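Right, I'll just put the structure down here and ask away after.
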Amino acid sequence: MNTTDMRNPFAVQTPEDISADDIRSLFVDVFNDFHNINKPGHTFLHGPRGSGKSMMFRYLEPDCQKLVQGVGLNALQFFAVYVPIKNTELKLTELQRLENQNANIVLNEHFLLTYVAVRLCASLLKAQVTDANGEHAASFKSYYDTDLRRAFLRCGWTDPLPELPPSATINNSFKLLQDIFTDQYATLLTYVRRLAFTSGPVTYTGPLCGYLDFLLPLMKKLKEFAFMPSGPIFLLMDDADNLSRVQASILNSWVSCRTSADVSIKISTQLNYKTYLTVHGRTIDTPHDFSQIDISSVYTSRKRGYHDRVSQIVHKRLTMYGINRTPEEFFPPAQEQEDKIKAIAQELKARWDTEGRGFRASDDMVRYARPTYITSLLGTSKSGSTYKYAGFDQLVHISSGIIRYFLEPASLMYGEMRSRHAEATEISPEIQDQIVRSQADQFLFSEFDRWSTDEADKEEGASAKVLDKTRRLRNLIQSLGGTFHQILRSDGSERRVFSVALTDEPTQDVLEVFDLGVQYGYFHQSAIGNKEGTGRTRLYVLTRRLAPFFTLDPTSFAGYKFVTNDALREAMLRPKTFLGKVRRSGVDSVLETGQLALFEED
Amino acid sequence: MNLRGKTLVEWLAKRPARMFPGRGTVSYYRRFQQIEEYLNNNVHPHVTAGANAIDGGTLTDHGPEHIRTVIIRASELLAAGGDLTPYEAYLLLVAIHLHDVGNLFGRDTHEINSEEVEKHLASAALMGEDQVERKTIRQIAQAHGGSIAGDKDKISHLPRNEAVLGHPVREQVLAAILRFADELADERSRAAGFLLQLSKIHPSSEIYHKYAHSLQSVMVDAQGGAVDLHFDMPLDDACRTFGKGDQRVYLLDEIYERTMKAHRERTYCMRFLRPQISIERIDVEIRVYGDDYNKELAKIPYRLQESGYPEALPGGVLNACPSLGALAYGNPLTGKALHEYFTKDQANDEHD
Amino acid sequence: MPKPTKILLTDLRGRVHPADVFVCSASFESRSQSVPEQLEGVAFTRVLICANENFPHVIKQGAKQLQHRFGSIARLVSLNTNDPLRTADRLQEAIDDALRSNLNRFLVDITTFTHESLLILLRIFQLRGVDSIEFLYTTAKAYSIGDPDVQKWLTKGIGEVRSVLGYPGRAVPSHKLHLIIMVGFEADRAERLLQEYEPSKVSLGLGAPDSSISPDHYKANKLFHQRLIQKYANVLEFTFSCFDPEAARDALRAQALRLPKHNVLIAALNTKISTLGAALLALEDDSIQLCYATAHQYNEARYSTPGDHCYYFATALPVLLPTQPTVAP
């Protein structure tokens, strides 16, 4: 690991900066869950920030693959080119001047392509091609002096191209090519600069390269060289949400080309990709044009896959830091609390024969022990804060399927422990609980101002027009979180509810608020069979990162409630009234009849 | 646009300069005239000879006359319902002029080999300095033939709408007009008539000249949505074969093949041109005549159009849509396969 | 250039130099009226009142009030926080119109401009070669009135993050990203930017202790820094002046130079004076990109209370680089 990270085994680093050695040590193979990523074919990989997309891409790069597989470059199955797309790197405000004015598509394509070409050369350099007898350099020079020069000329290159000296090594050659593209990128930025304060079209006199007439032939040719793997080149476009709409449509046009055998494009997004239209006016669709993976959907299912992944990741990190504990040992639960919960579970087991509700005694134990314990702490006063959100399992659940939301709090916990003790061989339950609660708080109030009673009263009854989307989202979260808390305290059959499913067609205003919530990470969207059994309806799962804020049991989100559109609107506009009704009249009378999951999680 | 019997060039001449980029500071018609003059004097007359020198055959005419014919055909297509802007007309006309100059370097991939000629035009300051405009012209011209990344559907890869120097340009429409007009520009004048008479055509190219020579007229009825092709062939030509590459073929068979191609091109290009331009059929009439031209020995008429109830594709949906294989990892996704898929995975799905 | 001078607002009228054009920005903040109130009646030829048309209540109240102060010499310049091109075009029109009328001396109250529109304005001044510009900035007595230090907020949420028009930078695609954030007390906002960009290196700038609003603020910021250092690898720290643009520029320059072969991106989240410092650096070194993040919500009701002082200063904008083409008005 980089010496700068000796401070904290859970410190977040951008994967770009992690060496191949460290990646090999840290990475947990997830490709069984995401099997299309490392296979030929265009793929979209969707997932919130921190769900591990960039890490997967980094792992696919040649330097990592060579180490992992223990083979040379040309024995790999593919050659991956990592293309990170930082916000505002390609999506420059100046480029908006081109819209409906001049060459929006062709200039943006050239811009995007030049960027990718630089990264392609960077990947070739990073791959450290060996060329003992100069054979690769010679064949590259032959290509450069003929076909590649011709291709540049066809794209309108008028400046003389640099000569590749006969003595140039293969890596010198890649460097020269990279410099050509880097200079071109800089020239383009000079043109872009001119757009800023000019309202009319600005003449462009530089070359213009397109994917089909330049980049694709270049990559196909590179693939043919003996030092390259025989499989396709993968373009790993990371965080493609950061492309502008026209740039996304250009990328889609690349995807629409049936080139998978030569070039496969892997695109990661944070669920905010601008469009699936191409520049030709068609859409790209799955599965015709690409396959698609949503990490959230994979990891919010019943399977223990995510738990095991986190366990492996944590174990690797602890090992690298010389901490010889299992994840469960390093993040111990509040033992006294767990003992009490176990005792309640035993009581439930004993009473199951006569009073049991679940199909099996173990169902009742799992379903009711922890909620009963939490409720017992609450009593008539709100002392639920003595419940401890601690223990590896709980922390995994709270992270809601996104690895970063485990690692970030873990890094803070470690920092806090180290500030109090010389060494940290475990994180005390108190610190775990403290950090998790403050993170929940921060997560919620980074977007919303705190609900003061005065303001809440003022806003009650305000129309949807007056209350903007953000405030309605805040109200919705407050209403649903509060409702789920009431369910936990109730005598209901399923007390661990985190989701609502719609009984009727949602109106646009309700959908927009949920969409915003999904975008911010407060909700995950899924689908479920409708009540009538005639089709499917939307299901929204509240993130368990907010469990500490609303005092909920994060260890399961199996239960869900059906809810009408009207009820949701009420929740968005009048959260206080809504919650008051829930408390007085019961959840079901306000929402819909509840539903149970049939079987418990293993 | 109302061409009123004029060609596109004549129509362009009358458009006010303010309707072009530069707000009247650049005369695009004059620019076109200069390009045309340069190419007609320095390039087009040598294209055929240049191709022959490299490929060794005898190419049909690709010189100034051919360019004129393509412009006329394009004008005829636009006569009924076309509505190009003046700037689009300029781009189309320059693209027409450039579309075959790559033959100077050989027939193979000629559609993408125009850059040397463009460079000369650029250095003579004839093309304007904006690269976007030049690339637009180049893309329109190159879409008239060949393939890109193994795909013959080049027009679909062009932007549908793109602003160039502040003016909207429908590249797909322009490329389709050029392509179809070029397809219809084969006619008698393209044949090297004199060489045919003297039997001096290279054996591998005989059929092409014979075909062109037999195409007596091409009539575009844009209003009626039809193209009429009239072929005349003397009895002698009907009764012998002609060289085509290293084979020998009958003229009638070549006419069938070439008119079938015209039908495919029509079907393809109309996809991008409807509803403005809608040519729905090609009517063909082939006449065989004896020693006396007026003595008709046989008349072979036929119509090429999409008609009747569409035939079922062999293999059905599963064969026609390979993407269905992706859902079942390469295996046919039949009803049985779907049943097995759900039955196997039912227990694992939490919400279902 | 002499350092910015802190003067009592009530002394401003007697101290300010003659100017042809006074430029100010209407806002929901009452600070937007502080300097104009003192300058009402001063012999400007023209007053440009910038107001964001997508905040209609600001136009109705703040801008109207300013228009009333300055009467017939006032002109409304409609900006739009959702449309930076429109903002740039309107500002450019207004400045060009003034220059065509031989109005060359500008006095700008930068207090309540958005960071983005202020940066665009400065770029326009540079492109036009305007060399007589003086600036005013009203201090705040308090921010997020009534909230404890650790809960103070000015904005909530991040909407769009975009590059500032005129400061696209000159990124080298093969280089890594060095994000420099000039943090105010909106620590959450800074962290959100960090999450948004995921830079290789991040430099967190703290307002220098002697220029912080209060010692408690400085302490709270320091704590935030520590938290981020625990959470993220590769976090560097530096301090900058909140009230001296040239000193702020120098601090930023030094910080940028610490990491050669990185693409530098600066997010200015502190005072407008320090934002001016970021502009000075980016105007002289066009490899640096400036970014701006719109907010979902503003603490309109309790944003700030005006202080009794303002800073008054001039600063020379860097000469246009050869790579910066001039555009005639």
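When the chains are written out, they are named A, B and C in that same order, and each has its own residue count from 1.
Following the convention adopted for this analysis, a residue touches a chain if its C-beta (ideal position, glycine included) is under 8 Å from a C-beta of that chain, and two chains touch if they have at least 3 such contacts.
Quick caveat, the model's predicted, so the values are computed rather than measured.
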{"item": "Graph class of chain-chain contacts, one of line, ring, star, complete, other", "value": "line"}
{"item": "Chain pair, most C-beta pairs within the contact cut-off", "value": "A-C"}
{"item": "Whole-Å separation of chain centres (CA-atom averages), chain A against chain B", "value": "47"}
{"item": "Centre-of-Cα separation between chain C and chain A, whole angstrom", "value": "33"}
{"item": "Chain B and chain C: spacing of chain centres that average the CA atoms, whole Å", "value": "58"}
{"item": "Touching two or more other chains - residue numbers and ranges from chain C", "value": "none"}
{"item": "Chain A residues touching chain B - in the complex, by the definition given at the top", "value": "41, 98-107, 153-154, 156, 158, 200-201, 203-208, 212-213, 216, 253, 257-259, 279-282, 287-288, 291, 301-303, 526-529, 539, 558, 597"}
{"item": "Of all residues in chain A, those that touch chain C in their complex", "value": "2, 4-5, 7-8, 11-14, 16-17, 49, 54, 86-89, 91-94, 96-97, 114-115, 118-119, 121-122, 178, 181-182, 185-186, 189-190, 192-194, 196-199, 408, 411-412, 414-416, 442, 445-450, 468, 470-471, 520"}
{"item": "Sites on chain B touched by chain A in the complex", "value": "21, 112, 115, 119, 122, 129-132, 134-136, 148-151, 156-166, 168, 172, 321, 323-324, 326-327, 348-352"}
{"item": "Of all residues in chain C, those that touch chain A in their complex", "value": "84-85, 88-89, 92, 123-124, 127, 151, 153, 156-157, 161-166, 168-174, 176-177, 188, 191-192, 195-200, 226-227, 229-234, 263, 265, 286, 289, 291, 296-297, 299, 323-325, 327"}
